[in-house]
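Below are two complexes that have subunit A in common, paired first with subunit B and then with subunit C.
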Partner chain A sequence: MEIIVCLKQVVDPELPARDFAIDPATRRQVREGRPLVISTYDENALEVALQLKDRVGGKVTALTLGPQGVAGDAIRLALAMGADEAVAVDDPHGVGLLGVEKARVLTAAIRRIGRFDLVLCGCESADWVERVVGPLLAEALAAACVTFVSRIEQTNGGLLVRRMADEGFHQLEVRLPAVLSVTSDETNRPRLPKVKDIMTARRKPVQVWPMADLSGTPADGDAPGVEVRDVALPERTARCEFLPGDAAAQVAALTQRLRDLKLL
Partner chain B sequence: MTGICIIAGALDGKLSRSSLELIGGARMLQGPLGQEVAAVLLGHGPGLAEAAADLHRHGVGRVYRCDHPLLTAGQTDAVLVAGEQVVRRTGPEVVLIAADTVGRELAPRLAYRLRAALATECVELGVEDGAIVVRRQVYGGRALATLVVRTRPAVLSVKPHALDVPQPAPVAGTVEDVSVAIDAGALPTRVREVLREQAELGLEDAQIVIGGGRGLGGPEGFALLAELAKQLGGAVGASRPPTDAGWVPVNWQIGQTGKTIRPALYIAVGISGATQHIAGVTGSRTIVAINRDPEAPIFSSAHLGIVGDYREVVPALIAKVKELKGA
Partner chain C sequence: MDFELNEEHRLIQATVREFAAKEILPVAAELDHNPRYPAEIIASAAALGLLGLTVPEEYGGAGLDGLANVLVQEELARASAGVQAIVTVQNSLVCDPILRFGTAEQKRRYLPRLVGGEWLGCYCLTEPAAGSDAMSLQTRAERRNGEWVLTGQKIFVTNGLEAQLCIVYARTEPVPGARGISAFLVEKSFPGISVGKVEKKLGIKCSSTVEIVLADCRVPAENLLGARGRGGPIALATLDGGRIGIAAQALGIARAALEECVAYASLREQFGQPIKEFQAIQWAVADMATRIDAARLLTYRAAWLRDRGERCTAEAAMAKLVASETAMWAAHRAVQLFGGYGYIQEYPVERFFRDAKITEIYEGTSEVQRLVISRHILGRR
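What follows is the complex of A and B.
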């Protein structure tokens, strides 16, 4: 099976609040000096792809967007985890903030990669959380679409997938080609590459495509219908009051406070 | 192109709560835009009559009813085909969709097909100087993005539980049956089975919620939380690590990916306070955090903090609550 996994690099979402900042001019998160990681669920997507390849064979291609140099770490990690090839779309100016804009570039890159049975991405990015890239790719590529998938099995002529749903889970039969967005569960925790894998990854092919060479990118299309006016940090209202003493004293103080608030 | 249209799902046979929440969103746009609110009601079976009446009760006058055997739980492909046909026929300026299991697939796909402006997971909708302005949480709830919707039509999805179900405001309404053509053989996905996993009863509606995290060390800790929840009359949930580890079912998860809760009291036990989790609990009126690490980020979101071992604190709390209730 030919699988393409879309990976986004983001500033580590668990960075302490004091290191979190938005540049008001670009409305983007300040990245300088902050560690970059692969966005949480994208790693799960890669893990699901690798497990599927281990079972049924095939090839896994990692795809990422970003200025050259920045994309390198995500690509290296993906190859060390077991991806066979990697493609980085080099965009010196950074693609727009919105998923609509990113999906257009990813679509153009996937078309250039050519053959695929399955495209996987994370169910949401750690930064903008729009949850739109998978469904938009599916539409643009005329592929089946399921989001929040945690498990994938190959069946005769298609896939059987498990989707996280409001009331539990759905089992769905899915035709190929398909674009699935992946959520985490106990079966798809990202593997840690071994030293040997990291060495091997250095010899795997990485293609860097200048964004200007891709057709169908945002420069060619309509501007997105929504505009980001600002990104604001809400005023912190909570001030934590620590309850002193040993467990008995803490619990006594807590229950008293809860009674005052009519919660007990 | 006029009007505000909500996509009202009754895929389980009755109108979903998140569909009612959309009415609240539609009303925020209706006044300033001076537009009618209509609903496209999608589902199958006798429950649709009651669902239409429920929409009328909440002030939606015009209901386009689509009754089709493929419009059942989780069938996004069928919902998309039906929704697209009705929306093209009725031509609304704004389409509102609940970002639930089906809606989060539906909204971007419908927007793509309609070449519509798209904003998802909105927590606020409004009109400022004649323009539709929406707000959504970004960076795990650390920031709030304001988006201006510039083009029409627009497809906006609303995060479930972000808006309140509006008070009833009955109107004498109409129901127009709309037939849609859905070719079952052409749908690329099919729901084979709906597995209802035992969710903690009414996690999203509970007034008191106890959440457990990685710090509980294993599934056993959740038994203690269940006892505390029982004494307080609350529900138990979890952050992502316990659900990823399989200690508790995935649908116990509270946070950006899981459920959004807005209880009167949230007690976070052994939860470090990853932004992913915090995004789902910021609407809680009072947050109490119990954690061994005084530096844990959860304390910066909490109102009351207890630094200590939950194995000592929680049993003491259970005993104290029992004692107070007995008194």
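What follows is the complex of A and C.
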């Protein structure tokens, strides 16, 4: 099984809120001086890919897009966890691309990698939460698409996947090639790399491709179709409300309120 | 000069930080309150490759440098100094001397087992009458019928209860001081070696500290580690690395104290504001952060020198001296900053206070470190 996993680097979501800032000029999150990590669900996608490879064999290629100068740690982590090789698309302009544009670059990169049975990506990125890259890749690559996948099994000629849904999960049979967007699950918690594998990851092949060399990328001059007009931090307010009535009425009202908020 | 960690170092640090946060931190207090050997954590540490960090790949290790070892040890000690004590002994006091002084056969026999966590090792130097004056040890080794027979008593042996392999220093020549000492690889299954008293301690409680009794313990001739009569230099060279490991342990404890103080000072309100708004608290935090960084830089330098194959005895002693005294001082400040909450077991700072003390004592007391450093500067008198 030839598997490609798309990995995005984001500012560590665990950083304290005071370290979060938006650059008003670019309308993007400020990344300078902040530690970058692989976006949460992308790590789950990598784990799913590695588990599938462990079971059925094959090859896992890690694909990342961003300035080459900061791609190193993500690539090294992916290779240390068990990916066989890596491709870094060097986007010298940084990380300003949104999902629609990213999908076009990634499509071009996947076409250049060539053969694949399965492309995995996180169901959403930890910064923009657009949820578009997976479906757009599937469309462009003429592959089957399932989103919010947590588990994958190989069947005769295809895959049996579990898609998380509000009411539980769906079991779907998928033909190959396919693009799956992966969500988290107790079975796909990212493994910690062994320290030995961190050291040997350096010996695995890494290719760096300048974004401008890929056809169909935003460098071609097409309008991206999506423009960010404004980005703002949400205002946090706290409000206290006393529910009327006796205890039973309060419980009923509170339960309803929590259900409305989808907290129950 | 470059103060930046490389890609591998950063990744190893992040990996072990996550491992410690997930697997050690949640049970650290419990391991202190109800001490037991954390077999499941040590097994996970072995699976990650943390028991033979600097051992080359051919023996199953990760082939890391000493600086990576420092990063790992600091992260482990940040979560639990007791767990870290078990790991650092395995790395610095057991694997390291076998790697440096062992024969090819000794390396093949012992290193894969130690690295894989199948065996635990311990380091038997201290005796009841030979503590800071370690080279006055009295355990004897005599040659009989083609093998060595060891007789004596070793105390304060970390990991001694669980260890399958003991590196034992004994006197093979009838001369006083370091020149008459040899090192032996003694398997716990050899006849005549046994565990004596199991000590109860102030801190690092989940690591065992025991007496090892050698009563006509028969050791095959091929289990001599290094040359006959060269045990003194082996013990001292081993301690250079061991002290760097303890400095890293002290760094971890000190950083834990600082991080707990920062979190507490933001939450705890007195006189109508978080206590971090008071200059007394701000200065305490500033002093802690500064001293920890100074200790860290000394520790990194010692590890860097050792990685280059240079003599680092004085630098390792400086790192251990400053880091251990910083840990004790920072933990002391932390307890004071927490006030009454610092004195009770609900918060971890009293554990840091108890754990920190040992770093000023084992692998050479602060007084011995000063002796080592002053001899380096003034010459041996």
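Operating definition for what follows: the second predicted complex is superposed on the first by the 234 of 264 C-alpha atoms of A that agree within 3 Å, B and C clash if a C-alpha of one lies under 4 Å from a C-alpha of the other, contacts with A are read in each partner's own complex, and residues count from 1 in each chain.
Keep this in mind: a residue touches a chain if its C-beta (ideal position, glycine included) is under 8 Å from a C-beta of that chain, and two chains touch if they have at least 3 such contacts.
It should be emphasised that the depicted structure is a prediction, and the values quoted were computed from it without experimental measurement.
S.K.: Taking the superposition as given, does A:Leu233 touch the first partner, subunit B, the second, subunit C, both, or neither?
M.R.: In the superposition, A:Leu233 touches subunit B alone.
S.K.: Classify the contacts of A:Leu261 with the two partner chains as first (subunit B alone), second (subunit C alone), both, or neither.
M.R.: The answer is first: A:Leu261 touches subunit B but not subunit C.
S.K.: With both complexes overlaid on chain A, does A:Ala25 touch subunit B (first), subunit C (second), both or neither?
M.R.: neither
S.K.: Applying the document's definition of touching, compare subunit B and subunit C: which contacts more of subunit A?
M.R.: It is B that touches the greater number of subunit A residues.
S.K.: Looking at the overlay, what does A:Ala80 touch: subunit B (first), subunit C (second), both, or neither?
M.R.: Only subunit C is touched by A:Ala80; subunit B is not.
S.K.: What is the contact status of A:Ala178 with respect to subunit B (first) and subunit C (second): first, second, both, or neither?
M.R.: first
S.K.: Which residues would you name on subunit A as touching subunit B in one complex and subunit C in the other?
M.R.: Correct list for subunit A: none, the interfaces share no residue.
S.K.: Under the touch definition given earlier, write down the residues of subunit A that touch subunit C in their complex.
M.R.: Touch list, subunit A to subunit C: 72-73, 76-77, 80, 192-196, 198-200, 202.
S.K.: Which of the residues in subunit B come into contact with subunit A in the complex?
M.R.: 73-74, 76-77, 99-101, 104-105, 107-109, 112-113, 115-121, 133-134, 136-140, 142-151, 154, 160, 188-197, 199, 208, 232, 240, 243-246, 250-251, 256-257, 264-265, 274-276, 279, 286-289, 294, 297, 299-309, 312-313, 316-317, 320-321, 324
S.K.: Write out the stretch or stretches of subunit A touching subunit B in their complex.
M.R.: Against subunit B, the touching part of subunit A is residues 13-14, 16-17, 20, 22, 27, 29, 40-41, 99-100, 123-124, 126-132, 135-136, 138-140, 143-148, 150, 160, 163-175, 178, 183-186, 189, 222, 224-234, 236, 238-243, 246-248, 250-252, 254-255, 257-259, 261, 263-264.
S.K.: Considering only the defined contacts, which subunit C positions touch subunit A in the complex?
M.R.: 7-8, 10-12, 15-16, 18-19, 47-50, 53, 57, 61-64, 68, 72
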